[in-house]
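Taking it in order: structure first as structure tokens, then the write-up.
Letters are used for the chains, namely A, B, C and D, taken in the order the chains are written, and counting of residues starts over at 1 for each.
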């Protein structure tokens, strides 16, 4: 089979200028309906409520991850490094392109409530009867399985996994640059070209030449800033909390046998824990947004209100605490909310972003992410925090404050009914 | 009423760095549900099929237009120019912010088929019973009407209209910069800061100091390039043609009494020519995309196929012609399509972008757009093409080629059934 | 001889991010003292008086030209195009790197007055006994001569010359981007990556695929804007006029046997028309600036004044005329200057930038610059203005106004002595 | 006196887009010959040997510092903050513009050897008989003195000093952005607009609103990276060491009564410790570079060699040590250099950049730089490292390695004469 395209194809990309496609398999994968569907799923979920530019899709991110992987491999091939297994090229590119293909709308919130797992869906899309699978099988019958193994991090060649998924992989490098570009924040830029030039295949591992250490430091500091300025932004958290409440309410209503005025079959399946792959693929943000708009007219007041809050951006306000808020005080606040007719299960939430398995580089902590290894001039390999003062300094930081989220708009007009000690804390007088 | 916010609010914007809000009215307008709805309508319609970064919404564009208008006015105030009517500030800002609030999903295609008019909807949203209207009425009872007049270009103060809508207005300056940023093309950048600094209110008109002529030339050349590289890109045109065919088919089926498996009431109203404002406001891209996904399962093969083409990006191919294609030959081609079972009304289209009332600057041609006037050092005012060689040169260019769009994927496998003279032209052998 | 470096070297470059060096010959050429000397010669001569950022040197431009040439060739090699003569790679790179090595300080002004020619000096540096020559001879005895032939455009392989010197060469593409970057103007940016990707070697010529036409249009429009906004900027012209007057005065004084208080031997040689190559190489901007500072103390009042004007930026003012100023009126103005004690030969100058053999693309006009040729999909090659409306439009523009330069500072205090008709024209009341 | 210009003047600046001048005093100061002289002094001394783009002058930096100060003050005035002393505006702007006016060529090296002090020269230029002084005196007789006091940090209004010189002043903010722009490195960018918006005058101090903390963190991290990637770059250090050796040799030769073939009076004065202000002002980089070129022909072999090394970029090589190199081994190396005819006083140097009073933010350490103070929402003011985890983490880092500099080019050919233990360390075999 002739896999090389007669003429290179390009996509104009604001982050990488151009994305180059040279293989028919890649071209065909991009044109499958499962991959095109990623155009309807935003890369940053509900962050667009905080940063209105952050409307970019997982489609563009996936192309970007592919492009970075392509450049890494192309550099390895030009350099003629013997430790690079040349026959893994197409596998690595396909895994890079498809690593997010199973993502649904607002994945993290849905997964938290319904226990689904986007990586599992990714592997099903690759292995079951889909256009993606048909394209991959044309390479070889076991090719879909190999792609799925790389994504599941069970493939035997570690270096192939490292390019797609590690502390310094094509995925993170693309999303930091892309999210910085589309949100418009200044953080998140680093010298991609230099990092790529410093990468080396080394005895089965992906390493960075020590002379590239400063560029990696800069990348890690960018990541630190992006986490706190963008990914954990309190307004974004607010919209994610509302999303989660919507899904929780939906599940509860379903369990109670509530008669939804609007409940497409796909959603019914999701609630029942039985979604066919074909139906899962129709679940996109268009679907969810239209559903939320319909649900603003549901009889259940809580569901209708929460959906209205999400669609019309009437988010919860928040107050910040240095430690955990006092449980007794919290319970008193919950009582007065109840007295106002607001169920505290849906209208009160303590959030602590640092609880998340987050991403700031901590050696040893994220067992599933291969660390950054530096290759010294003497041929020795060492984990970066042993060499870099700045990485060592920031990797020990525990950060994050507790925040209490609440419907400030409703409560403002009834502040008099709140416990007095809360009024000042919540800024309601 | 105290309209000034106690503290300025900001939005992070990738194009203007920050958008500054100083007035409570503006802040409240942004938080209405009618304005938030613009988040669900893309600025460039189906262009994201060509430029995957072009996923930005009319929400972000509207904020940008507001911000440019704010900077123009702020410069007029700082300069203390007596010809600027200071009392019009808030009116001008509101009109800039709201000028697109009536846009629906894929407006141009829907308008072509159903004869709706987004500007009319904009004025209805401003004047009828909406959150936007309530915010505006708090300024004064006749304020909504004045805003609508500025947008309809009937307001007596020409300079207020010029800032919002003219050959060199906040609208165009924002969309050129924004569309260039999000598509990633190099064209479309010009020196906004210099143009703003050169603007002057002059006897009721908006003029540009002659020393800023070169910056305006650069802006007009950017516009020229953006039209041909982005707005009239043949792939974008292909997706717009499919959209139009979908709407045309829908209308025809409705007229024939076809029983749609999926037809939400809002759409039924649109087909019947009777949409209530409240329903119109639920019409967004999420709604349309979910509908198209549902329609891929409709019994009508044409509608189902066209919707699948749009959602999975199986666009029509095209061939380019120097003049109009020969009608007889075209008719022979239509016949062979019909023989293949493809209705040429839906599967064949001749397109000529230059037929559109397009935007490249031509003095006198666009009666409804105020031209660019230069203010010489001697105090004389002259239309720019009288002063600028380069504007005069490009303003006379008639450009554009005829393109024939067709379903290359289906026809490729049956090329033998085509008239032989067509096979080469269409690139099907 | 092993020419390949064991490890690629890089230079950090603000325009191209990195400049990559892979050949020992290139590395050694950069380290010669003749090439290092280019660090002391500004790329844009006296333009820094207009754009204070424009302090970049011919050293950085020369590296940039080399880098663009390297990318063009590397693309040709990767594409495996049979029409690219692979054995010319190093020759082309050396010619690109060295094409400006003979430039002296403020070359254009010195050449106009003393009749020297920087290209001649470039060829002498390449051919005579220099470090550059020694490095080149290590490739082969006739290699210096071949490099000189490429630069003199007499080498038989046209495509090698085209990359270094044509209407769309590495030289121009670098200087437009670089001058735009360092001056900070918005014009001058175009899509270099796309143009490079569209270049093809074709039967001995360098051509552009027709699908890249728009990127070339954009490049030509950038060039047009850069000429008028930067290169012909009236303030830059003013400083160039003063430079020319300084050199003219120096030559005249020398001919009159004037005893300079400061006249280093190198300058004495230049005045006598006898400069040894070794001395020429010490002529840099440091040398000229120190000389001008010394000359501000010369007994000759005109020389001292002109040097003070240049060093302390007391430039001539200018007035603009639509046609040529009336000779009789001009003569009356000269008389009144003379009456004030100002020699009009040194204190009055009519300038018309368009008289220069300038650079805006005009097919056929610049006999020594190969035009831009487009390669159609049908394999036909055509000059770009036959295909592009916009190129045809701008290539016919004759532009430029006459400007009269004069010492406004001195004349302002004695405006009463001027012919009345001149006072208003010159803005002196 | 009417100080406001009838019309604002602008300078095009690549970093700030435009520099705006509104006061006649500022305009006149820029046009003095003492300020114009800054065009001939590079901002980054010999860094252009490492980053060829770093050819920008102190002239452009000074304009940039002025512009940032102008924006800070303009924001204070627009905000109407009562703690900003409005009458100090012009004083602050003049001090910002002139803070570097006393800098000479390669200041740090000259100051180390000759004990001169650029700040002292700045104050002399402001106070003695110069064009700058004349312009300042036109404001008021004591104005020059007040400007000098701000620069000397003895002026009673702390906030005026803070804007010009503190841990977060206009000076540093401009040079980080400018040096990043001209070197082309990615580090060094931060969100200037946000920092300026968060600045507040508060009871005589300059503070930052706590919500701007992250932008300040980013600024401090940029500074950290710029120090290690640019300012302390080992190649830059190498050229600075050679400069220092040149000046040391010159002084020694002068003390020994050596007869220089080239020694302009200004230099003779500098060596004798008696330079008149007027002569000092002719000392610029043109002067020094021409001098170094002349000195390559001096009879003293050391001076001639060092000058050739500097002018033709034949820098010293270096080897890196984790701690201080062993003194005994060092002494053995010095002996073998002596045996080769290389005086180790001039051809061997141990360098430890962290010894410098450097700039990375350490609270309390730099007694003369006011720290960054955050203003909480509760009105409390706190030093930033008490609030920011990341600032606290990086401010404790002690960093830097010892490096040994040596003439690798000469020694390479005679490596056999070196102590064997040194050959490997120095990379000479």
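Convention: a contact is a pair of C-beta atoms (placed from the backbone, for glycine too) under 8 Å apart; a residue touches a chain by one contact, two chains touch by 3 or more.
The chain list, named the UniProt way, goes like this: A, B, C, D = HD domain-containing protein.
Predicted model, so just to flag it, every value in this text is computed and none were measured.
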item	value
Contact-richer chain pair (by C-beta pairs counted) among B-C and C-D	C-D
Chain of greatest Cα-centre distance to subunit D (HD domain-containing protein)	B
Subunit C (HD domain-containing protein)-subunit D (HD domain-containing protein) separation of Cα centroids, rounded to whole Å	32
Separation of subunit A (HD domain-containing protein) from subunit C (HD domain-containing protein), taking each centre as the mean of its C-alpha atoms, in whole Å	51
Euclidean distance of C-alpha centroids - subunit B (HD domain-containing protein) vs subunit C (HD domain-containing protein), Å	43
Sequence positions of subunit C (HD domain-containing protein) contacting 2 or more other chains	17, 185
Subunit C (HD domain-containing protein) to subunit A (HD domain-containing protein) touching residues, read off their complex	10, 17-18, 193-194, 197
Subunit C (HD domain-containing protein) contact footprint on subunit D (HD domain-containing protein) (complex, rising order)	11-15, 17, 31, 33, 36, 39-40, 48, 51-53, 55-57, 59-60, 63, 181-185, 282, 284-290, 293, 311-313
Contacting residues of subunit A (HD domain-containing protein) [partner subunit D (HD domain-containing protein), same complex]	185-187, 189-191, 214, 217-218, 221, 224-225, 228-229, 389-390, 393-394, 396-397, 399
